[in-house]
Amino acid sequence: MGKQEIRYAAKVDLDKPAAEQEVLHNRWHPDVPFAGTIKNGEVVKIECVDWTGGQIGNNDSADDVRDVDLTKIHYLTGPFEIETAEPGDVLVVEIQDVQPLQEQPWGFTGVFPKDNGGGFLDDIFPKAAKAIWDFEGIFCSSRHIPGVRFAGLIHPGILGCAPSPEILATWNKREGELIEACTHMDRIVAQPPNATNVHAGSGEGDIKEKVGKEGARTIPGRPEHGGNCDIKNLSRGSKVYLPVHVKGAKFSVGDLHFSQGDGEISFCGAIEMAGVITIKFTVMKGGMEQLGMKSPIYIPGPVEPQFGPGRYIYFEGFSVDENGKQHYMDATVAYRQTCLRVFEYLRRFGYNDYQIYLLLSCAPVQGHIAGIVDIPNACTTMGVPIDIFDFDISPHIIAEKKDLGSCAFASNH
Amino acid sequence: MGKQEIRYAAKVDLDKPAAEQEVLHNRWHPDVPFAGTIKNGEVVKIECVDWTGGQIGNNDSADDVRDVDLTKIHYLTGPFEIETAEPGDVLVVEIQDVQPLQEQPWGFTGVFPKDNGGGFLDDIFPKAAKAIWDFEGIFCSSRHIPGVRFAGLIHPGILGCAPSPEILATWNKREGELIEACTHMDRIVAQPPNATNVHAGSGEGDIKEKVGKEGARTIPGRPEHGGNCDIKNLSRGSKVYLPVHVKGAKFSVGDLHFSQGDGEISFCGAIEMAGVITIKFTVMKGGMEQLGMKSPIYIPGPVEPQFGPGRYIYFEGFSVDENGKQHYMDATVAYRQTCLRVFEYLRRFGYNDYQIYLLLSCAPVQGHIAGIVDIPNACTTMGVPIDIFDFDISPHIIAEKKDLGSCAFASNH
Amino acid sequence: MGKQEIRYAAKVDLDKPAAEQEVLHNRWHPDVPFAGTIKNGEVVKIECVDWTGGQIGNNDSADDVRDVDLTKIHYLTGPFEIETAEPGDVLVVEIQDVQPLQEQPWGFTGVFPKDNGGGFLDDIFPKAAKAIWDFEGIFCSSRHIPGVRFAGLIHPGILGCAPSPEILATWNKREGELIEACTHMDRIVAQPPNATNVHAGSGEGDIKEKVGKEGARTIPGRPEHGGNCDIKNLSRGSKVYLPVHVKGAKFSVGDLHFSQGDGEISFCGAIEMAGVITIKFTVMKGGMEQLGMKSPIYIPGPVEPQFGPGRYIYFEGFSVDENGKQHYMDATVAYRQTCLRVFEYLRRFGYNDYQIYLLLSCAPVQGHIAGIVDIPNACTTMGVPIDIFDFDISPHIIAEKKDLGSCAFASNH
Amino acid sequence: MGKQEIRYAAKVDLDKPAAEQEVLHNRWHPDVPFAGTIKNGEVVKIECVDWTGGQIGNNDSADDVRDVDLTKIHYLTGPFEIETAEPGDVLVVEIQDVQPLQEQPWGFTGVFPKDNGGGFLDDIFPKAAKAIWDFEGIFCSSRHIPGVRFAGLIHPGILGCAPSPEILATWNKREGELIEACTHMDRIVAQPPNATNVHAGSGEGDIKEKVGKEGARTIPGRPEHGGNCDIKNLSRGSKVYLPVHVKGAKFSVGDLHFSQGDGEISFCGAIEMAGVITIKFTVMKGGMEQLGMKSPIYIPGPVEPQFGPGRYIYFEGFSVDENGKQHYMDATVAYRQTCLRVFEYLRRFGYNDYQIYLLLSCAPVQGHIAGIVDIPNACTTMGVPIDIFDFDISPHIIAEKKDLGSCAFASNH
């Protein structure tokens, strides 16, 4: 009688390469074999490696960030068969808890170099940088960014069900067209399928080859299934409604974050960690039609850290770029400017630019689309919580430059 | 001894054309004469007309919205001389209260037709539409959108100090270049100076002519001074820090909103109203340099309506447009898709598309930039509060189409 | 077409004695004549005088507090006939707004002397004292308690429907028995009917005499109808469900507060003011039986000032009194001790005891019954918001005595 | 380099009697030997048994509750030596996390029979009853109280430092005097020292005898050190400031709760569990004098579950008891009445009285002291969150009796 201990649907081994673990995979493809089966209505725990599969160390150099092999990333745990789920259903995923692995109470935030991953501001801040965060219960702090400490809004960066072959084909076609159309740009605009270092779980041989050839990369979120949405509020207690496209759903999850800011601007911008997520799965038969659903929806849980509305400083940005050029209603340009305003503000206290870049990526900053109709300027805002700092950053206080150390850089920076 | 009644720095007359009232003006220009003087440290009340200067009536036709004369809009109250303020200072504006005018306890939300103002989704929803909102204390409801009722997050859409001649020249240059560059587009991308219906307050003759010829239109917010930011959280109790560019600051305010959603997507999307704002003005000498300030910042007040984090449904959108085309990290496309997902969801309950368009513009929806680094997809979200509806819109409830009436349309729609 | 200006169901005249205004009364009795009629479903505005009917002035002496005539207090506006309401119904009162009168933007908090009203701590702090608060929009501050400023949680201290003759008789009986039983105590324990200065609205002659002889004093709240509950969270947007005991309900309201702390410990502890309340009235037929209701219930509105849970300092108190005597599970003793702990804490910053007494009475402090089962000690807590102070009162800061002036005292104190 | 796994300062063994574990003890006494040493500034994990030391089973009978041996309860983990702590210091305890033991994902709430522990309402509800709660991440639900589910506000019921001999003597004297004074009452009013089943950790022989003879029982919280405060908001992220009375502080903790309501009215009213608490200890030298501290204070963490102020139904109670007797300003009587009003309300949905008693004890209800000055009636309120129920309990909904099963009762009830 009574409650049993909650079952682990999958465990990971931090001492073993991610590529050798059958419960992991790193491509979205309907043919990746099931890593296990979960009942409709069941609650399970699922362990996840960090999104790089352990490529980043707890040390004071960003060499590992600089050298990350991006063909090996986003190892997800799964895919799981959810009993009774069929195409057209909605899979209701209640995130009952997320925890770091007890044996690894730390995480990392990285700025990727422009030529290996990059980030939202990589043309301004092109170097590799890193901050290590120590977890103390619900709080985290970093020796690389002194003066801040906050409660994590812990969540998975990636979760979703496998695409059907048709959806996968759509993804590859439309992203391929973008790559075609942007060959003149001096940057990678999307990642096409790439067989290098593909990991298809227990799938070997032909399956692995097929997954490598066709499988969608896990970097972007995509409207049809969610995936790498990097939504900071998808935390403890949230309910996510996911479209199902293949029999058994083939649900995968990974890329756990101890905390993230809206936008996750430095790409590896959350506090990345290995951890365990507790999920209740429920199948909503015919849910996609019933909800008129084309993309996932979610309802946050009740336990988000609350600072009080008056404990944020909000910065404004507009679609005029740093060269003074006017863009038409471009929220991306506006948000970029919003971020730069925060750099200018926080620099006054003694932080270096890469510390700020790391901090805005991972702290619980609120990024809002304020106005997107007053032509030609979109206006976006970023709210920075005052209470994550252990000194007062309020505008009525005269800023004094402090000795705030440095984040980790790569050896040749 | 004791507190005097708070002084009105300006009053408006709803029975008189806005163009004939000397405390109003409708262009940003350093030469608009002062409408009054306010002491450093003083608290005053300032009355404002609605942004159209009374062009919209409390009736059931959207003809007035369809026919709005956009050369006559955004009548602002001011500009006020703030004693001691000089270029380089920051003007601290504490919004102590905002109230509708007691004699006009209603407001309106409009969808502007594509060929006269338009909006964020005007290519999909090109017609004029309107909803009238009745105010009941802190709450509002509309006969045109039955089934919803909410507390307003009341705020000014526009506030800012006058540009210097140099800043004004910059604005006109960069927006002119955009207009030049976009002549191929089938739409108005920015509004250049236009002498038609210019109102320069008490400025007549040469001054008025100059303001008409050079004065910046009030439609967009602009980084150098704020202006029409349409930030829904700039509500009661907020403190805004505004750069000062001319002697005396020349502060103006207007475009009061009873409520607005993030993005204000239908352009006239807030609940527009005439009202009175109570402000405390404080000059922060040398504040621009001290704060490293290029654009305004603000701190919200403590009294925002709180629904609890778990009382929102969040919708996701990505930078893949409705034709399936992949865009590169375009937050504007993503937010557009996010909005469309809410249309699909709310349509199931019986609302027509224009009712939804109006509602998402003015209700306190949360628009977030969730992830803006996972190439090629930006991900944005919109949180819709469940508790503004008087029926349950939760996803676990089977939606039933109700008779939810209609918003107002134009006669020839 | 369209919304009319909201009707005033009653207006008061601040230049006329309260006792001469027919829309006011100061006793609970079923025979006080109706002051007006309100439709079921109607929204009206109702003006109220402050609870003393104007006995307290905006000055720097507490002589007026010391000399208040307590037979003249708690002038309520009403009673109103609510159409269709009958005994057994529930009157749903939605408080849509509360505002100070525009011509009187200030209020007061008083410590009543022990021999004229007293308060929760009158044996320790027996003198009269006063603070005047100036209103600045949603905020208030006091020249008598420098260093604090906060947004008001504005609300009515008193609202309720008239008792039936049977209920009135019950009140008089049970309170009379208490007075009888406590003749040995060195204090007034309840106020029996008292004809002195009775005001029965438009009721004169026999009616007035009867009301004077039998009418219940308005000081205590009472379970059967609510009355003077002094619940700080009954603010804008709240819905109160009130039992109806007589035909037409005979609803009265008054004792408006700009702000109050849990407990309102100094008796005249809220920020007392004259003002106007906007209410929507709805009759719920047979509501008392349907809700199993013996006492009022309410649902707060969504706009309470939010500081964030981590922005309070909580003090603990137990049922051991200041003489070291152990009481059995006495929450009143425990709350008294809790209050005293805050005195000790705030004194360190330079406030005098009466300033603290006034402040804890009117600022939005949270008073909780934490544990009421661990014999013999009840444990209560008081949460004091850090952000109402303009200096940092956090425990990790070394307290420095400042010059914080003084509250007003009576001339002979 | 980098963060080590957090050290366990103490572990418990659920398969071994609590009385045989040296890291546990069940009396407050300065002579209980140290169970370990913790550095000033250190973060450690501490495991705790449930407050009964495992006397209650996960089953459907309340026999175990009925028969609990109250001489064996409140096994605390500790006492720990905190290095550098001395009398007069303050021990700052930051609760970084609290978790149930992974191998025991359930807890219990009990109503103790009147003749063995009792509770706040034991004269009305004298029987033994029990509910078992299953934990699903941050949520809990019970087969004994269907229809409710909520996120736990997880916290320790008891924490504090050991009393000095002088303080201990004071406790025994004042509680003894209460017992003396109340011999006429038909109930136990306090628990004097009792050698039966004393557990003094590793202390044996003379020490154990002394602890048994003099040691204070752990049931009540006490002003001088805190102890069993049962404060529901002392949850993750909270900082508690505890007076130090003996060298090394001798800090103990236990009685972990998954959730509790204000008042914890049924005595064993929280959701009691075995678990692990992560604490950071910091010594504040001379803190008692510096803070003017006589009783502990605390600052809550930022992650309390938030429902939104408008998602509570508040019930009112006054100091008139259920026999109609008027009490003078008695908050205990008022809170009792407040509770009874909730019974009457929830009964309408089909819950039995003991289910309601259990629920109000453990769900996150808000118990406020609303007004404690309006003689003779104290007014208290209880806010019940609407969103913990999976059906709508709003007053505008017609209540329907449902089949809501039953809590567990004792076999002979």
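The letters A, B, C and D name the chains in turn, as written, and every chain counts its residues from 1.
In the analysis below, contacts are C-beta pairs under 8 Å (C-beta built on N, C-alpha and C of every residue); 3 or more make two chains touch, one makes a residue touch a chain.
As the structure is a computational prediction, the values presented were derived from the model and not from experiment.
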Which option, C-D, B-D or A-D, should count as the same interface as A-B once over half of the contact pairs match? C-D
If you average the Cα atoms of chain B and of chain C to get two centres, how far apart are those centres in Å? 39
In whole angstrom, how far does the Cα centroid of chain A sit from the Cα centroid of chain C? 50
Mean-CA-position distance for chain D and chain C (Å): 32
Provide the list of chain A residues touching at least two other chains, using ranges where the numbers run on. 237, 301-304, 306-310, 387
Arrangement of touching chains [line / ring / star / complete / other]: complete
Within their complex, state which residues of chain A touch chain D. 1-3, 5-6, 43, 57-60, 95-97, 102-106, 132, 134-139, 151, 236-237, 278, 280, 301-307, 387
Residue ranges of chain B touching chain D (in the complex, touch as defined): 306-311, 387
Would you pull the chain A residues touching chain B in the complex into a rising list? 119-120, 170, 174-175, 177-178, 182, 188-191, 219-223, 226, 228-233, 237, 241, 262-267, 269, 284, 290-304, 308-310, 312-318, 320, 324-332, 334-335, 337, 341, 344-345, 347-348, 366-381, 383, 394-396, 398-399
